[in-house]
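There are structures below to look over.
You will see two complexes here that share subunit A, one where it goes with subunit B and one where it goes with subunit C.
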Partner chain A sequence: MNRRIALQALLLVIVAALFIAAALNAARNLEARHIPTSFAFLWQTAGFGLNQSVIPFSPLDTYARALLVGVLNTLIVSAVASVLATVVGFAVGFARLSAHWGLSRLAALYVETLRNIPLLLHLLFWYIVLLTPLPQPEQSLSLGGVLLNNRGLYFPFPGLGWPSFDAARNAFNVEGGLRLSPEAAALIFGLTFYTAAYIAEILRAGVQAVPRGQGEAAQALGLSPAQTRRLVVMPQALRVALPPLISQYLALTKNSSLAAFIGFADLMQVSGTILNQTGAALQTIGIDMALYLGLSMLTLALMRRIEKKSDWGAK
Partner chain B sequence: MTDFLRANFLPPQPPPPMRAPGWRSKLFGDARATAITVLLLALAALVLPPAIRYLFIDAIWSAPDGAACRAPGAGACWAFIAAKSPFFFYGAYPPAFYWRVNLTFALAAALIVWLLHPKIPGKGIALGGFFLGLPIIGFVLLHGAPALGLPVVGTNLWGGALVSLIMALAGMAAALPGGVALAMGRRSELPALRWLSVATIEFVRGAPLIAVLFMANVLLPLFLPPDWAPDRLLRPMFGIALFASAYMAEVVRGGLAAVPRGQGEAAAALGFSRWQSLKLIVLPQALGAVVPGIVNNFVALFKDTTLVAIVGLFDFLHAIDVARLDPVWAGPTIALTGYIFAALFYLTFCLAMSTYARGLENRLAAAKR
Partner chain C sequence: MLVRVIAFSLLLGLSARAGTLDDVLARGALVCGVNTGLAGFGLPDNRGEWRGFDIDYCRAVAAAIFDDPQKVRFTPLSGKDRFTALQSGEIDLLSRNTTWTQSREAGQGLLFAGVNYFDGQAFMVRKARNLKSVRDLKGASICVQQGTTTELNLADTFRKLGISAETVVFTGGDEALKAYESGRCDAYTTDGSALYAQRLKLSAPGEHEILGETISKEPFGPVVRQGDDRWFNLVKWTHFALLDAEELGVTAANVERLRQSDTPEIRRLLGADNDFGAGLGLPKDWVVRIVKAVGNYGEIFERNLGQGSPLKIPRGLNAQWRDGGLHYAPPVR
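Now for the complex of A and B:
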C-alpha cells in the first residue's frame, strides 16, 4: 500500500517537475523573443481579409472576430460535408452490398482507391485540377440555377434569391445567391468523397453484423424484400453502425483543419495566420486545442445521450 | 404503427436454384440486373477511352522540358515525373550519397519482411533490429558520421519520399511501445498513472494532427532550454510519434480487453512475476488479437505523413506540389500528372499494408475456428 502511494507520488513529482521546467523555459524564451504573453492581442485589428464568412468581416475587425469566423466556418463545412458524406457513403455502401456483381465491384473499387489516398491529395486535386481552370464570372457555367465560375459556386438560397450575372449592373461579379468560395467547395468535395469511403464500409459492416436468419425469418413471414430491408435489417444495422459513424463525423471535423493547406479560412488557417502575425504561440494553440477538444467532447456527450435515449442503443 | 398482419398471400415461389448462379445470370438475370449492367457498360465506355488516351496514348513519355506537354491535346506529362523523380524521392539529398538512403530503406524493408513473414524464425532479433538497430544505423547512414568517413548531410537537404518514409517508420517504431505504455497506464490500478494516461490519450486524440504538429513545431522549442533547439525534422517527428501513440493506445486497449482475466491469474498461480506474466502471457495474446487494427493504424499514419508539409518539410506530396510550379515544366497537365503519380505512390504502400492486414485477419479467424 505504501509502495503504491510512493510510486504515484514519485510520478506526480516527475510530471510536476517537467511542467515547471517547461514553464520556466517558456517564460525565459518568451521574454527573450518579445512574444506577447496575454490575450490582449485578441482585440487588436486583424488586418487580413477572409475568403468566406457567414458574418460580416473586414480587415478592420479584431483577431477575436476572425477566430469566430474560423470556428463558424469549421462548424458549417463539417456539418455540410457530414451530411453529404453520409448520402454518398450510404449510396456506395448499398451498391457494395448489391447482389449485382458489377455494381458491387465498382463500389469496392471506390472504397479501396479513395481511402488509400491521403486526404490532402484529395483536397489538392479538387482545388487545383478541377476548380482552378474555371471561367471568369461573365462566362459562368450554369447548372440548374447554380452558377459556377472562378469566384466560386453560387446557389439559389432563401432570402438571397437566384444568382445571376448582369454586366450592366455589376461587370465583375455574380449577384444574389449563396456564394461558396472555390476553397470551401474543394474542402467540402474532398471531405465528402474521402469520408464516404469509410461510411460505406461502416454501413456494410453494420448490415453484415445482422444475422442472416433475421432477413430469412422476415421473408418466411411474408415481408417483401423492401420491407425486410426497411423494417428488419436496417434498424438493427444502424444500431451497430451508429457509434463508428459518429466517430467518423468527429474525424471529419478534425480533418477539416486541412483547410489550412488550400487557404480556406477555417479555425486552423485563421489561427495559423494570427500566430504568424502576432507570435502569440501559446495563446493561439491553446485556443485551438480548447476549441477542438470542446467540439470532440460535445459530440461524444451527444452520442452518449442518443445511445441512451433512443431505442437505437437499446438492446 | 406498421401493420404486420398479412391480408393477401404471396404466390408460391419457385424452388431456389440448385447451382450457384453463373456470371450470365448474375449480370443479366432479370430486367433490373440487365439495366444496371447496361448502365455500367455505358459508364465504362464514357470514362475509359478518354482516360486511356490521356494516360497512355496522348501522354508525353520523354521530353527535355515542358514545351511538348504544353501543346494542345497533350495527355499526361510522364516526362516531368521522369525528370523530377530524384527530387520526388530524395529531395535535395546529394546524389553521390543516394546509396546511403537506399541502403537504409533496404535494411528497413528486410527487417519488416522478417517481422511479418510467418515462416522466418528469430522474430526477437528482428524486433530488436527494427526498434533499436534501425534508428541508430539509419541515423548514422542518413545524417552521417564523420568519424566513420560518412560526411554529414544536414536535414535541410532531406526531402521527398525519404522524409515521408522516415516519418512513417519513426511513427511506427514509436507508436507501438508508446501505445502499449499508454494502454497499460490506462488500465493501471494506480489512479495517478491512470489519469495521466487518459489525459494524454484523450488530449491528443481530440485535436487534429495539424494542431499537434503546430504544437510540436512551435511550442517544443519554447518549452526547452534555448540552447537545445531540436532539429526541424525532429520536432514534427515528435508530434507524429505522440499522435500515433495515442491512437495506438486505443487499439492495444481493445487487445488487452480481449485477453481473459484467467490468463493473467493462471500465470500468477504458476508463480510468474507481474512482468513475466505481462511479457510472456498477456501482451502476446493482446497484440496478436489486434494486429489488423495495428496495421490499419499504420496505413492511417502513412497517409498522415503528408501533413508535415504544414511545418515546412518537403515530404513526397509536397515535393510534387512544389515541382509542378517549376517554370521549365509548368503547364496545364502538370498538376494532374503529378497528383496521379502521388496517388499511385500512396495507393501502392497503403494497399500493400491493408491487404496484409486482411490476410492476417482471415488467418487469425481460421486459427480460432
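Now for the complex of A and C:
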C-alpha cells in the first residue's frame, strides 16, 4: 500500500517536473523571440464593446471583465441548450421507442440526419433561418411590449425600460429592454437540436438495456403500463443513461466554442479579440483551456449532485 | 480551437532556430500562409489552383529559390490564426493581406519585409440608406471579422467620434459579409481592397456603396519570424526586385531579352555582370527567375487587382513614386 502511494507520488513529481520544464523552455523561447508572457494585460482597458452581456460592460472595462462576460455567455448558452436538448432528446427518444411505426421512423430519421450533419452547418443553418424572415428594426413585430426584428427579441425589463424604435433617437436599432440576439438564439437552437439527436439515442439505449422481464413482472404484479414505465423501467434506464448523458453536456459546452462563426460573444470569441489586441497568444489560449476545464468540472460536479439526490445512480 | 491547441503545443516546443532557407531547400517547397479565400489576394480557382496578389508573392519567392513558382505549399489561415502559425514555424512566410503594425512586429516576434499594398479601412453600406460619413452610423450594427486590425480600428473610431455602435464579430470575412447582406448589420467594414472583392459576392452589388471615408492606414506586407536575417532579406529583396523591375520596364515578356540590355541598372538587376544574389543565398539570375515566373510588381497588380481583374482597383497609392504613388524601392547595387 505504502509502496503504491510512494510510486504515485513519484509519478506526480515527474509529471510536474516535465510541465515546469516545458513551461520554462517555452518562456525562454518566447523571451528570445520577444513574445510577451506576462498576464498583466488582463488589467488593461479592453477598448472594444460586446453586443451580448448579462453584466454591465463598456469599452472602458478591463480585458479581465471582457473574459468574464465571455465565460458567462458560454455558461448561459450551454446551460439553456443542455436543458432544451434534454427535453427534445427525451421526446425524440420516446418517439423512437413508440409502438407507432410512423412516429418511430420519424424519430429515427431525425436522429440519423441531424447526427450526421456537422454542428457548424447546424449553426449556420439556424442563423440564416432566423435572420432571413425577420423584419428590419423599423418594421419590428410587436406583441405586448415585446419587439422582434432581425437584431433580436427585445423584452421590457426592470431598469432597462421598454424597448422601442424611434428613428430620431437611433435610426438603426431598437433602444431599451433586454435583448436576446439572433446569434445567441441560433447558437442555442443549433446546439439543442444537434445534441438532442445523441440524447435520444442514449435514452433509447438506456430503456432497451432494462431487461424485458422487469416490465412483464411489474405488469403481472398489477402495475399499469404508465406506472411500469415510471416506477420500474425509467429509474433503471436513467441509471444506465446518466454517464453518457453527462458526456453529452460536456461535449455541448465545448461545442459552444463554435459561436464566433455566427458572431456570438462566447469565451472563445472574446478571447480571440483579446489575443488580436494584445498578441498574448499563449496566455489567452492557456486561460481558455483552464476556463473550459473549469466549466467541465463544474458540469461534472453538478451532475454528481443530481445523481446523488435522485436515486437513479443508486446501486 | 484545434488549430490553436496544435499551434500552442508547437509554440511550447519551438526552439529559436535560424536557417529558414535551408529548411525550405531541404523540404523542396516553400510553405506559405495565405488567405482562406479573398478574391484578388488569395483564392483557389475552379481548378484548385491558388491565385492572387499574395499568392504571386509566394510564387516569386519560390521562383527565386527553386526557379519554379510551383514549389509552394499554401496553408490557408484565418485572421486569428495567422500569426500563431508563423510563430510556431508551421509556415515559412505569411502572405495574407496583413497590415504592418508596431505590436505585430515588436510584440509578436515578427518582421514585415516591406509594404506591397497601401490600403485603408472603409465601410460598405446600403445605398438606400443615403449615408454620407462614418459619423452617420451612430447606433448602427456593424459586421466585422475577428483577428483583424479592422476590428480594432472600429472600436477606436467610434470611441474617437464619441458615438456607439453594435459590433458583431465573426471568425470569417464571408460570414460577416453574409450577415450584412441578410440585413443583420447596417454596415460591413474591412480593408478597402477587400470591400471591392467582397462586394462582387453580393447578389445585388449595385445596391451597396463604399463610403469614401477611410478610417485607418493599412499597409500590407509579407511577414517572417524574427531571428533569421538572411531569410528576412531574401523576402524583402524579392519584393524590392519586383518593384525595381517595374520601374526599369522589365516584364515577364522581355526579361530574357533584357539580359543583353546596355542599361547598367537593368544589367545589375538581372545579374548580367556581377552577382547580387549570393548575399541572399540565391543565384546570380534570381531576379530573372522571379520576373519570368510572375512578372514585375505592376504585372502582378494589374493581373490580380487592377484592370486585368474583375476588381478593377486603380493603382492610386500603389503606383510607383514617379507616377505619384508611394512605392519606392531601394536599388539593386
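Annotations for the structure displayed:
Here is the rule we go by: the second predicted complex is superposed on the first by the 233 of 315 C-alpha atoms of A that agree within 3 Å, B and C clash if a C-alpha of one lies under 4 Å from a C-alpha of the other, contacts with A are read in each partner's own complex, and residues count from 1 in each chain.
Rule of thumb we're sticking to: a contact is a pair of C-beta atoms (placed from the backbone, for glycine too) under 8 Å apart; a residue touches a chain by one contact, two chains touch by 3 or more.
All values derive from a computational prediction rather than experimental measurement.
Touch criterion not met for A:Thr192: it reaches neither subunit B nor subunit C. Once chain A of one complex is fitted onto chain A of the other, the partner contacts of A:Pro182 are limited to subunit C, with no touch recorded for subunit B.
Of the two partner chains, subunit C is the only one touched by A:Ala265; subunit B is not. When the two structures are aligned on the shared chain, A:Gly102 is found in touch with subunit B, with no touch to subunit C. When the two structures are aligned on the shared chain, A:Leu119 is found in touch with subunit B, with no touch to subunit C. Judged by the touch definition given at the top, the superposed model places A:Thr273 against subunit C, while subunit B stays out of reach. In the superposition on chain A, contact of A:Ser257 is made with both subunit B and subunit C. Contacts of A:Ala281 after superposition: both subunit B and subunit C are touched. Shared-chain residue A:Leu293: touches subunit B; no touch with subunit C. On subunit A, the surface touched by subunit B in one complex and the surface touched by subunit C in the other have residues 22, 25-26, 29-30, 32, 124, 128, 254, 257, 260-261, 268, 272, 275, 281-282, 285, 288-289 in common. Per the touch definition, subunit A reaches subunit C in the complex via residues 22-23, 25-26, 29-30, 32-36, 47-49, 51, 59, 124, 127-128, 131-132, 136, 150-151, 169-173, 175, 182-183, 254, 257, 260-263, 265, 268-269, 272-273, 275-279, 281-282, 285-286, 288-289.
By the touch rule above, subunit B contacts subunit A in their complex via residues 2, 4, 6, 9-10, 23, 26-27, 33, 36-37, 40, 189-193, 196, 202-203, 205-211, 214-215, 218-219, 221-226, 299, 303-304, 306-307, 309-310, 317, 321, 332, 335-336, 339, 342-343, 346-347, 350-351, 354. Looking at the complex, you find that subunit C touches subunit A at residues 1, 4-5, 7-8, 11-16, 79-80, 83-84, 87, 103-104, 106-109, 137-141, 143, 146-148, 151-152, 155-156, 159, 164-172, 175-176, 178-179, 182-184, 186, 225-227.
Only residues 4, 7-9, 11-12, 15, 22, 25-26, 28-30, 32, 98-103, 106, 112-113, 116-121, 124-125, 128-129, 133, 221-223, 231, 254-255, 257-258, 260-261, 268, 272, 275, 281-282, 285, 288-289, 292-293, 296-297 of subunit A touch subunit B when the two sit together in their complex.
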